[in-house]
């Protein structure tokens, strides 16, 4: 029988999700969405996927929440749009959505006869790569092409965001407005929390090889700390044309690609790690990835350049 | 021995939850933003403290217990600062409106 | 499997086809704007060479080229597979992207000495990303890997639409992105269901494990509709006209000719490779009827457009419909790849790619030269820019399906297939589509080549080199017309291995 | 009869979230709320992956690591999609002053080029 | 490569080379003498290449198959003559006039298509040249860009595209009937007559070629096009390019096996067109429109001849129809040139134009000793001697009436400004055509019908030829007294009816635009997406 906690958690998630969808004000919708994200990471813990819970909390609701809050602050002027009207189209859409949900629920209720899983084959050959965490194994050993392509997607999305700046401001500084007053409390926070945060981020990346954690989650924490410092005004927002920023952006994918190509010369196949050296190589990849992901996520939140900057 | 610890944990956690319930009630009852904020932070910190305190014996290892305490400290710390910021901004909005 | 099971040197071609454009983007970010021209000069020819080499290897061996990435066999790892149709698609993509690159070289050059400019930097990064994503789509053998490639494609296509930054183009780009994301999420849900039911996402393994049951139908439906949103088939075409009309000329050429075909390629992979069982259901008929509606609706809308770029965009909506006629016709045959409709469908895709790229480039040149692209005011412009309108005409011939053009051979094969299998409705739709296409092509050419009320004036001179590039693409569409009128051998490479053993 | 164990509950929750996400995306006129709905839809799809992973628990693991790795990649891709959508929306508001997706006027004349 | 094969290839190669030459040299603005010379190889092929020579071009040239048979040779020769004459006329009339539209390019393209259609022997090749001749003629029609020309061009191109659509379907049916192994027309026609696809194929063939030769419901484009095109263009369109439809019917109808069903329908269509053309023609006043309706009538007659041949399975019908069509090419083209020449001659010397025109006109009626007489005698055998032959006689009388009406309108419509610059040479071309019209049929008759010409001179044949002409003259006399009784019908007659079809199409277009605007609303598109998903799931369950 499903435990009471699970049932309440699911009901809570659905309630908060519905509330966020139908909230009158966009600002409250987004705040509720962040709560929804945290509840979801609880659900991931219940589904015994701690890695994913960390990712959901860090990226799914953390950084995305920051992004949406920043957006709603900018859009405050156009917020008074009415809630969805009760027109016939909406009712029809509702009916179709329930039909889709019903068909999916029907599938969920009838689990496949023979449970099918790749877990045994993952565990059986995980030992060769020296990694302890199976999810990290899948990400960086078995399906490393996915991870590489996904990194390229992240970098390309950033180029796309930057491309939305007007011609004149290309290479300029993104307009993250630091907190207006020279307020002591936020600066105090920005001075004390980041060291802990950075330590937690690095710990998360480091432990990722054997325990749940990894480059993505660590990178997200680092990004959060950097944004906190920038908002408090302690650190200047780097111009998008700064050489250091761009190098930091691409150091992750470049190292990943280099090691992949190295695999061709040493073992004859792309993205294959030579015997015995798998773990150090993967750690090297993850280290640079953490830095790149951190910088990229922060730059996504900060947005396209909006101020003149002549280096 | 474990029985005593379990009883202790259950007691502490229930009291903690009780504090949270009060905080929620206060949040709904109080008229304006500042008083709600006041109620929330104070009561939640105490509630969380009690729950963490109650769970300490359940934590597997000493490291686990330390992590729990770190979590509590971090929540205390950031909660207080964030409350300050929200209070200031609601007061400033109060003056402008 | 009989295929060349290698991670050999030839297999490395497949990897380099994926990786070279990505290296280009990373180099662009690392070195900045000053070296932009050098990077492009290095990466584009290299990528073209590798694509052509892969195509040559696959066509000469007559066997698909398989490469196991990272050395782990498919259920666990990811394989890259280049069979006949993916080699052909890679070749067409390489040719069109290089032609568009030469065309765009004038408009998007980084001025030497000046600080890094936005448009050139972004344009070349997006084109390279598009190329890498398309190659990943053609070679991918794992459904989730194809999802990531699809997202890479969308994220490269959306900013291309609003590169010029006008209000309408940004709105079109946002609509395109949101609708495409909805599609991707449905596709992802389908992948989840398939993995839950059969334990693998590799297409060749799926072909052996899939059997007709509820989870397969729902997964196939979700994935197909997810891909239909990106292919902009008739009822789901809301984003295509403003997006393709608003993009810069070079951008809209690549968008219409290639990006829309990438997701179509996946639908073919899904229906013909992963789940051939779908052929015995009424699914292909539904897809073809949507295609037929697209042909009729798109052509009538194209006839009514007042602006040239919108006319060409709606013509894309119509021509996509033809591709979906391939499903019922090819799947009716016992071995789908030997039927006339299979070759006809692919030829339609290739000739439309060439013709539409040429048409959008020509439309862009006309808009640049005359300062506007209102069709009614094109009176007599044919004399001012004869080569551009000649390009538009040649490409138009391929769309109408007039010999000697690729469009004609494709229509002939599709008509023969529909007549041979007695599905007359598709034959009627093809012919009416050709008529309507003739209508809107002659509407434009008629106004261009006959003296209008006020003599048009050239606003900004257009260099002949750009016109020659557009003309060469149109000639490409015509050269496809010399294809023999029977099922093409090279498009059948690698088909039997997937389906030979198990056709449920 | 379908066993109503914990995993199935989360499966039903995933299905419901997918329906909710699609409904929110279709119905809500505001683009920012549409982006929110896409994130809810995405979380629903990833939850389905989680349920399938949990059902594939074997060889001493709590769940099949392959779908879990896919979810991590999916979340990062979904984030970059959200970031691009938000940037586009902000640019749209900057340029047109209104945050609406309905194309009232066809691309106006000045975009004729 | 024998002489014949070289000539065959040259027929197409020379015009194409000239076209490329004109394109590249930039001299495509001025119409040079090359236009005339490009048609010479075709004439030589018709004269010297012996029937039956076939050439298979390499794969690089779409593996076209060119072959010359008797009907093809006759039509090719006559068309070449007409192209040379009208080419010379065009060169003279446009000398020095800097024209913007690339006239020579489209002239040469239409010429290539027109010659190609007569000598090509495979399906795809025929469709290629048929399209070439139809679509490039559009640019000749809209050459001077005047508004009526544009409207006529639009009507012309829509009918041309419609005919091509039908033909594409027909050819696909033929190809499928031969299981796609050989694309030769001969094999396709042989295979289709026995295959189940015969009826649809025949229907599309008759429709496709019917539109091209202007059978009644589809004839509206002819009067509009011929009235608004320039004189040489109208001459060559009414003469040579229309015959693409005739050669199509000759090649694609299975004359070997009698097909009474299709034969009768074609004959009926033919005679309806024949009489309809005359009925409307006599109400017109513009000489060009009258000639257009005379074309509709004559083409109707040829269709009737082919129909009867098909019904009775008479094997010499193709040759007879081609012979009559040859006469029609030269006569109709010549009369259009006559209009051009008449507008330039002075009042005093008008008889130099009207007298030869009278000879040609009487030929249409089949007056003895004229070219028309021998042509009508040739098509007598396929028509048999029942009531169909009587109908043919009546149609001869009717066309005599129409042509006399044409003569009167020609005389009345002569403009009085007397430009005599190139009039002399042009009238020389006109006279050359008249000589050809009279002499050529008599000369070629023995070779074509394998019977001596002198039994056509027997007394009863002569009498059978003269009484329809007499009736025609009589009717013309009666009509002359009371011109008021005839209603005024605008050229293109039922095109006026089709204007409501045009407004219907516009309404449909508006509705489509509203639907598209509705479908592209976000919430509608989203719901449609879900509908398509559910429909797909449903369709998978159906037919499993």
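Which chain is which? They are A, B, C, D and E, in the order written, and residues in each are numbered from 1.
Throughout what follows, a contact is a pair of C-beta atoms (placed from the backbone, for glycine too) under 8 Å apart; a residue touches a chain by one contact, two chains touch by 3 or more.
Molecules present, by chain and UniProt name: A = Multisubunit Na+/H+ antiporter, MnhB subunit; B = Multicomponent Na+:H+ antiporter subunit G; D = NADH-ubiquinone oxidoreductase chain 4L.
Bear in mind the structure is a predicted one, so any value in this text is a computation, not a measurement.
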{"item": "Remaining connected clusters, assuming chain B were absent and nothing shifted", "value": "one piece"}
{"item": "For chain B and chain C, chains touching each", "value": "A"}
{"item": "If a chain touches chain B and chain E alike, it appears here", "value": "A"}
{"item": "Geometric centre: closest chain by C-alpha means", "value": "C"}
{"item": "Farthest chain relative to chain C (centres taken as mean CA coordinates)", "value": "B"}
{"item": "Chain whose Cα centroid lies at the greatest distance from that of chain E", "value": "B"}
{"item": "Between chain C and chain A, distance of the C-alpha-averaged centres to the nearest whole Å", "value": "31"}
{"item": "Separation of chain C from chain D, taking each centre as the mean of its C-alpha atoms, in whole Å", "value": "26"}
{"item": "Rounded Å distance between chain C and chain E, as computed from the means of their C-alpha atoms", "value": "42"}
{"item": "Inter-chain centre distance, chain A versus chain D - centres from mean C-alpha coordinates, in Å", "value": "13"}
{"item": "Two or more partner chains touched - positions in chain E", "value": "520-523, 526-527, 530-531, 533-534, 537"}
{"item": "Residues of chain A whose C-beta touches two or more other chains", "value": "90, 93, 97, 100, 103-104, 110, 112, 116-118, 122, 142-143, 146, 150, 153, 157, 160, 164"}
{"item": "Touching two or more other chains - residue numbers and ranges from chain D", "value": "18, 22, 25-27, 29, 35, 48, 51, 55-56, 66, 70, 73, 77, 80-81, 84, 88-89, 91, 101, 103"}
{"item": "Interchain contacts, given as pairs of chains that touch", "value": "A-B, A-C, A-D, A-E, C-D, C-E, D-E"}
{"item": "Chain C residues within the chain E interface of the complex", "value": "175, 179, 182, 186, 212, 217-218, 220-222, 224-225, 228-229, 235-238, 241, 278, 280-283, 285-286, 290, 297, 300-301, 303-304, 340, 380, 383, 386, 400-404, 411-412, 415-416, 419-420, 427, 431-432, 434-435, 438-439, 442, 446, 449-451, 481-482, 484-486"}
{"item": "Touching residues (chain side chain D, partner chain A) in the complex", "value": "2-20, 22-24, 26-30, 32-33, 35-37, 39-40, 43, 46-48, 50-51, 53-66, 68-73, 75-84, 86-91, 93, 97-100"}
{"item": "Chain C to chain A touching residues, read off their complex", "value": "7, 12, 15, 19, 22-23, 25-26, 29-30, 32, 67-72, 75-78, 115-119, 121-122, 125-126, 129, 132, 136, 142, 144-145, 148-149, 151-152, 155-156, 158-159, 162-163, 165, 170, 189, 193, 196-200, 214-215, 218"}
{"item": "Partner chain A, residues of chain B touching it in the complex", "value": "74, 77-78, 81, 84-85, 88"}
{"item": "Residues of chain A that touch chain D when the two form their complex", "value": "1-3, 6-7, 10, 13-14, 17-18, 20-21, 26, 29-30, 33, 36-37, 40, 43-44, 46-49, 51-52, 55-56, 59-60, 63-64, 67-68, 70-72, 74-75, 78, 81-82, 84, 90, 93-94, 97-98, 100-102, 104-105, 108-112, 115-120, 122-124, 134-135, 137-139, 142-143, 146-147, 150, 153-154, 157-158, 160-161, 164, 214, 216, 293, 297, 300-301, 303-304"}
